[in-house]
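What follows is a set of structures to go through.
Shared chain: chain A. Partners: chain B in the first complex, chain C in the second.
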Partner chain A sequence: MSGAGMDNMQLEATDRSPAIDFKFDEAVFTITGESYPEDVSTFYGPVTERLFAWLAEQSPESVVFNFELIYFNSSSAKVILGIFDALEECAERGVNVVVNWHYDEEDDTMEELGEEFGEDLEHATFSMKKFSA
Partner chain B sequence: MPGGLFAREEKVAERASGVLSEAGQSVRSDEMETLLKGYDKLLKQTKKLMRISDRSEAELNRIAKALDEKNAVLEALSGKLSKYLSPQIYQSIFTGERDVEITTERKKLTVMFSDIKDFTSTTENMQPEDLTALLNHYLTEMSEIALRYGATIDKYIGDAILLFFGDPTTEGVTEDARRCLLMAGEMQQRMRDLSLEWRDLGYERPFEIRIGINTGFCNVGNFGSDARMEYTIIGGEVNIAARLEGIAEAGGITVSQETYSHVKDFVEATALAPIAVKGIKRPVTPYRIDRVSRSDDPNSPRLRMSYDGLRLVADLEKLTGAERAKAAEDLTALLKRLKA
Partner chain C sequence: MFAQSMYEFRNALHERGIIFCYSGYVTEPVLTGIGKTLKQKLVLEETDTKTMQNVFAIFVEQMQNIVRYSAETESDPKTKETELRYGLLSIGMEDDKFFVACGNKILLGDVKRLNDKLERLQELNKDELKSLYRETLRAPADEESKGAGIGFIDIARRSTRIIDFDFMDLDDTYAFFCLKAYV
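On to the complex of A and B.
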């Protein structure tokens, strides 16, 4: 395990929660699927706790974060905004942070949401990635 | 989530109140800056979340509206389609009770066949528009009566009507047959009224209909292919109803022995010479219905009562003299016991 000193984190997607694939050793993080868990805090609590601690403590050369979401509710949006903030703070410290927002080419809503989320990033690099389902 | 979804914001508020209580009126500018930064972030997030939420709501509204419109279209469409089906069939399909698939069942049904006597020769001098109006008027009137008695209208075949009792709902074989006969009686009565109306309208030769009724086991259900099916009945017993209709007099009702056995309490009938029906081995004895007296008519001389545990058939015209007195005595005693 390289510098991270942490196990990778993998959660399978359920009906209401996305798949989590956090490769701390490679500094590549991916959230895929739909997000409207019954209790947002219960689902995202352990995930963000480890992520935020890692982002605050480690100083990797670069970090890649992929959002591949189909749908998320307002509480999940709050969590995502929190992740954006943490990534932006990390970038502010000089880490090369790339945030990729993947969206279905036919999904205007996800495209607009991505643009909305990305507009506040100043230090991190934000890029919209269209895919066809 | 440790501290919950708003842990960060709560921390800012906590800090603010801490700073305030420590510093009293004078707040250090670096503390103030931290608080402001936290507040700005919160404001930004709130605005963003609000926009997201508004957008979701708008999207939901749009979908709900589109669904409403689609539902209205479907409703109108199903309303139109329903007229091509008997109401019971429509109901049972739309409530999900019945699957739309090729399946049939064997059931004891009472089947009625009717047609207009000498339809072709009666109508050959009529204008097509007049004929259409007259035929539709006749079918409308007959269907209204049929549906009121709970019949399943199978189909109209030109001027003929095929309907039955016993599927998709049944009141029991006897009650099904009884309803069918009462319905047929009312149809003939209505035809007599209608012929006066039609004569007034200038139709020289008003319609007269013949009715045949039979009770027996038929195959009922959806026949056809997956692409085009028809809910109908088939079987030799259906042919018997058609044959009985063929030998009925104009304005008359002819029933089979089986039907007669279920309705004999409240009809007067004459047995006719047995007939042979193609595909049926046994000879069929037709009964010409001479009179239908509704058992629920309080002035009818014929009474019929049927409960589980009590069955009563009375013909007050027949019951005279000493027998009538004895019957009254017995029934009074029975009444006493019933009320005890």
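On to the complex of A and C.
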């Protein structure tokens, strides 16, 4: 681990929650899978708390955030919006923030939702990435 | 006689095109279990990815709606806290389209507000639903009133036809609410 002094965060995917792979030492963050946890705040609370604190306190040169979601429910959408907002704030401070939205090429609902979240980013770089399941 | 009546019950569901039907107390583990089985069935049917995700998403929103808001409840006698909520959910095929329908009791006093919200959703086109989704997502949690928030908008967006809903007064306290979406 580098001098950031913070452990990385890794959570395995469950039936209803995505895999979390937050590499604080590399400033690369990835959320993969499906997201409709029983209780959104129980699952995302500790995850976003650490992420938001890190984004607010650290000033890395660049940050990469990958959303690799197959499905998320409406309660998770609020959390995703919160992550986008935090990334945009970080980019406003001059950090080079790249947000990648991966979506199944056959699922244009996920494509549309990604584009919508991306529209709110002005300082962060947003890119849509197709994958085939 | 027992087999006959059960078989007739099964056939009555089949005649309505119903593939899955659940009537009872809905909990998060019930949602998980039925959800997994629903996915298996959709994969077996070789449903395309987009349709599958939309059917599944509407199923999740309707089930969570019952879990959170059904007015037919069972409470712990000691703590008085609501432990279980009752509802009905079915998934089926009608005119080559999937449908997801739910029903549960609500308080009479909530009928008008819910009716107005859902009527408004019926009048919106896809772009307007998209704007409302964004707006609602951005609104603070306390302004997103109970029972007709982002979940219903998500259902309307994913539905390929206008969502169908209805209410029926049951007594002085309750009404029965049902909602159907097609994919």
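General remarks:
The working rule: the second predicted complex is superposed on the first by the 132 of 133 C-alpha atoms of A that agree within 3 Å, B and C clash if a C-alpha of one lies under 4 Å from a C-alpha of the other, contacts with A are read in each partner's own complex, and residues count from 1 in each chain.
Following the convention adopted for this analysis, contacts are C-beta pairs under 8 Å (C-beta built on N, C-alpha and C of every residue); 3 or more make two chains touch, one makes a residue touch a chain.
Everything numeric here is computed off the predicted structure, so don't read it as measured data.
Three-chain overlay on chain A, with chain B and chain C in a clash. In the superposition on chain A, A:78 makes contact with both chain B and chain C. By the touch criterion defined above, A:45 lies against chain B but remains apart from chain C after alignment on the C-alpha atoms of chain A. After overlaying the two complexes on the shared chain, residue contacts for A:109 are found with chain B and with chain C alike. Within the superposed three-chain model, A:16 lies in touch with chain C and out of touch with chain B [touch as defined at top]. When the shared chain is aligned, chain C comes close enough to touch A:36, but chain B does not.
When the shared chain is aligned, no partner comes close enough to touch A:59: not chain B, not chain C. Shared-chain residue A:127: touches no atom of chain B or chain C. Residue contacts after overlaying the shared chain place A:70 against chain C, while chain B stays out of touching range.
Note on the chain A alignment: of 22-30, 94-102 or 166-174, the part of chain C that runs into chain B is 94-102.
Residue overlap on chain A between its contacts with chain B in one complex and with chain C in the other: 74-75, 77-78, 81, 109, 112, 116.
By the touch criterion stated above, chain A contacts chain B in their complex at residues 40-42, 44-45, 48-49, 74-75, 77-79, 81-82, 85, 109, 112-113, 116-117, 120. Within the complex, the chain A residues that touch chain C are 15-16, 36, 38, 70-71, 73-75, 77-78, 81, 104, 106-110, 112, 116, 133.
Per the touch definition, chain C reaches chain A in the complex via residues 28, 32, 35-36, 48-50, 53-54, 56-57, 60-61, 64, 130, 133-134, 137-138, 141, 149-151, 153-154, 157-158. Within the complex formed with chain A, the residues of chain B that make contact are 1-2, 4-6, 8, 41, 44-45, 48-49, 51-53, 55-56, 59.
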